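Chain lettering (A, B, C and D) follows the sequence in which the chains are written, and residue indices restart at 1 in each chain.
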Amino acid sequence: MALTGVLRPGHAQVRVLNLEESIRFYRDVLGLVETGRDAQGRVYFKCWDERDHHSYVIREADSAGLDFLGFKVLDKATLERLEADLRAYGLQTTRLPAGDLLETGERVRFELPSGHLIELYAEKTIVGNGVGLINPAPWDGAREHGIAPVRLDHALLYGPNIAEVQKIFTEVLGFYLVERVLTPDGQDNAAIWLSCSHKVHDIAFAEYPEKGKLHHCSFLLDTWEQVLRAGDIMSMNQVAVDIGPTRHGVTRGCTIYAWDPSGNRFETFMGGYQPYPDYEPLTWTFDNFGQGLDFPQRKLHETFLSVVT
Amino acid sequence: MALTGVLRPGHAQVRVLNLEESIRFYRDVLGLVETGRDAQGRVYFKCWDERDHHSYVIREADSAGLDFLGFKVLDKATLERLEADLRAYGLQTTRLPAGDLLETGERVRFELPSGHLIELYAEKTIVGNGVGLINPAPWDGAREHGIAPVRLDHALLYGPNIAEVQKIFTEVLGFYLVERVLTPDGQDNAAIWLSCSHKVHDIAFAEYPEKGKLHHCSFLLDTWEQVLRAGDIMSMNQVAVDIGPTRHGVTRGCTIYAWDPSGNRFETFMGGYQPYPDYEPLTWTFDNFGQGLDFPQRKLHETFLSVVT
Amino acid sequence: MALTGVLRPGHAQVRVLNLEESIRFYRDVLGLVETGRDAQGRVYFKCWDERDHHSYVIREADSAGLDFLGFKVLDKATLERLEADLRAYGLQTTRLPAGDLLETGERVRFELPSGHLIELYAEKTIVGNGVGLINPAPWDGAREHGIAPVRLDHALLYGPNIAEVQKIFTEVLGFYLVERVLTPDGQDNAAIWLSCSHKVHDIAFAEYPEKGKLHHCSFLLDTWEQVLRAGDIMSMNQVAVDIGPTRHGVTRGCTIYAWDPSGNRFETFMGGYQPYPDYEPLTWTFDNFGQGLDFPQRKLHETFLSVVT
Amino acid sequence: MALTGVLRPGHAQVRVLNLEESIRFYRDVLGLVETGRDAQGRVYFKCWDERDHHSYVIREADSAGLDFLGFKVLDKATLERLEADLRAYGLQTTRLPAGDLLETGERVRFELPSGHLIELYAEKTIVGNGVGLINPAPWDGAREHGIAPVRLDHALLYGPNIAEVQKIFTEVLGFYLVERVLTPDGQDNAAIWLSCSHKVHDIAFAEYPEKGKLHHCSFLLDTWEQVLRAGDIMSMNQVAVDIGPTRHGVTRGCTIYAWDPSGNRFETFMGGYQPYPDYEPLTWTFDNFGQGLDFPQRKLHETFLSVVT
């Protein structure tokens, strides 16, 4: 949790081309738990070990991509304060009413210079992770239905002006910079990894000319063996795999990038280290970005730089 | 990091009966990195992936046990504020001068009703984790010298009046309760696990008649395979093992408890989940504490309840 | 496979006190695949990755224990030859007709001096492991139903005169000694591990005054993480756990010993090394048997020596 | 061990372009144990857990590639018999005197139709794996020096007429076919995996117009986590990585292919299943070879088909 009271990425809403096919994919292959559908036809999912009502929402649309990403904050007072801080910083905010997203309180939304819609919210119905609050087992059958990630972990977004985005996240929202890749001339950041916790990233951005692009939403697995299992399940289900299994140099995380049926990249990953706000950021030079992306292969896969939704 | 700016358990000072034997143990068997010795004869260690100068200090004494446990806070202003808050709460605090512990700034110390000395400090020299800040490899040879934990993770302390201890940690220092074990009559807590981060515990307490007792300091490993390796190394080096390898039900962590040559219990563990302040605490009933302690065995090992230093 | 053509332990028949309860245990908790029931009321199981019709058979009886253990041999000519060799060695053999065990050819049975009934057979219907013979996936859902071992791996039997048993296995059946534990006086073997393959043991024996006792049947898992998962599932299902998770010093295997509902011990384990007939056997002195049994703990658990069925 | 008495691939001799650079690579990066040098300038290595004097020999030459691959057989009588069998089959054999390879007995050499030199030998000095024969620890420091594979496991060779090669290995030497990839027309085998044990392959061949080519020698690791560690070490040491970490569909093995400093591909891998001679071979159709090679990616990497030494 940031000192500001920002807790974690709590939901992403993603556009899919075919709702039924996507439900099958997210429920049975990625192994999310379906928790609801709303009047707009949106379908709500959570990861098995999450306790809030949902973390991933899909809606059918003509093009894939990210509608918005929401961060849960500590409470309503925090929400008020952060809205005031965003406005004081010069950003416009809008309010979405409680219930607009199922089981979710009021949301404060603003647009980043990179073109992404970010939301803050303080309330979402707690549904639990299925093992209860008294003498809980460490897991139950839901952990083994499909890939079954533990939680929505972070997202990597592509868009312009990430220097200004970084300022908003660090100066207003209380995030800190964990790692970064320099531009070829070494003068700017080509990509930044930001944390509001001790996760190696809660959100990341890469500089990109087009606004509002999604590189990937990332789902956490517990172990490297679960990453292998994820790759097996992807192959058994004809999921298009992009990169991995491998280790990122950046963040040390162990990963597979793949695409959902609509072409939205997602990541199943584990590992990395646990940074603190008093850590100096780690820096990757552009010439070594290949090692940062794919540590064993040291290869700057072309799709990483160019394929987004 | 707590909203109050408390970052993490940053050092423990532990008494050992024979300094040379203990140095060999902590350096070559547990695999800590020795970083200094001071005029008082204390020896300083850090875990390989920690960046601050030290996290574990030993001194020779006639009896084993814990001298004090220190938490790093965000900055000097935070230190001032927390000292004021502790005093306002009714606790006495004392200041230890910068340099009293090597490479460490001023410390604010207070005594818990459980008889433990807790310190806060804002400054410690950053020495890095050995892989540098530019294009860092995920690890280096230090990761494989001895058991080689990643960091000092938490401590479990035994003493009286943990209800009051819990109040201090939650109401003054900004910790939150993650899990607890009830007393047999279900009216009180027999043990509490508290977090100032998203770690499943930064500190834990068990109710115990005697004041100021150490149950264990705990060192983090990355994987269950590293826990097996730790057990192998313990056996190869005649380390006295208490419990494990096994999984705790409480915290889900995977663990070995063992004793240093002086009889101070330590833990090498991995795993658990990552809680947030908006999570309801998990509760273990006393009749099921066996499963909480040793999930596969469901056994309330007698040593757990009675052997402390 | 031994030079004699003995392939592997192919089936064990075990007595259980309550058939229905045992079916639920073996099918849903241990996660064997039920493949048949016969007119005598016996229930047949296989492990998910085995290709033959069954490897584990249970029948209801008044006392728990092992009825017999069968080894598959290469073909009918091998069966004839080995029967002749056993007789030439001085052992009585009897023939059980094809079909006596479901989907199984004729069996040659003999009794060891230790009181155990051992069988050889050449034919059992191949039912496959569920992933097919063309472009097979590495696993399917059966791998995650219950503990779901890969195969029946070995058994440890207790009885008198294991020196003579060893002669039969090595001189007639083509096994070789992989490891052994000496008696306290160092003059004899207290326990022997024998292989007819490159498995670290296909069968093992410990000297024991009573005849025909079962210490455990052992089921193979792929990884140490699967051993942890097995322990979790045992705890979730109130299975009585004996020892582990831990590593055996003997064989290096990583193990949990537990009991089925009738008190038959079984093992879920992984690992060890892969010996060859040209390897010198490894020897454990009796004073160090604790480390051989439980490498991290170095503890000669009392149940290991005394609890058998 | 095959019924014929063929035990395992016991040594490979490989040509390197620069001896000193190669010694550093094989000793410090791959982590083999150097065990000797001979008058011809050859350097001998073993894997840490192997007991024989060496399994991998390098010599400096103008071009990279494989000189020969040797299989250890049970004893001298077996060597005589197999030589007679090879001759009876119509192959020419030659004898290399004891001592020609350090600490190695007489070798029987023959050439395959694929152009590869294969040797059989019965004797090589046992040097042990470093942990002794009495109360051995499961491993020692050698396991963590460099990648440190457990053993030389298999080789994949490219050359013409693998149908005839298969006949020699199965009809004369007692191997059996474990898996195969069909040619595009489904009439022949494009690649075959052969075992003389319960390893999923002791040797493999792919049809290729040029004679005597080496695709890779393969070194066994214990776990998927060790494969990740191998990839880390490769990257830290600028080793050219070809494919992986990933899982092969063929054999289920988990792998990294990389190149030594001379361009000889090698593999570090773990896993797979343990077949028996009574198993029907598994068949991969050519259109699905991508999944056979790289299960998660389902990609028939071009280098796999074309880069050999």
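Note that in this section contacts are C-beta pairs under 8 Å (C-beta built on N, C-alpha and C of every residue); 3 or more make two chains touch, one makes a residue touch a chain.
Quick caveat: nothing in here was measured; it's all calculated off a predicted structure.
Repeating the A-B interface, with the same residue numbers in over half of the contact pairs, is the pair C-D out of A-D, C-D or A-C. Just to note, of B-C and C-D, the chains joined by more C-beta pairs in contact are C-D. Between the CA-based centres of subunit B and subunit C the separation comes to 43 Å, rounded to the whole angstrom. Distance from the subunit B centre to the subunit D centre is 47 Å, each centre being the mean of its Cα atoms. Subunit C and subunit D have Cα centroids separated by 31 Å.
In subunit B, the residues that touch at least two other chains are 137-138, 223-225, 232, 235, 247, 249, 291, 295. On the side of subunit B, the complex with subunit D involves touching residues 137-140, 144, 223, 225, 232, 235-236. Touching subunit D in their complex are the following residues of subunit C: 1-3, 5, 7-8, 49, 51, 72, 74, 126, 133-138, 150-151, 197-199, 222-224, 247, 249, 252, 271, 273-274, 276-285, 288, 291-292, 295. Residues 224-225, 228, 231-232, 234-235, 241, 244-247, 249, 254, 256, 291, 295-298 of subunit D touch subunit A in their complex.
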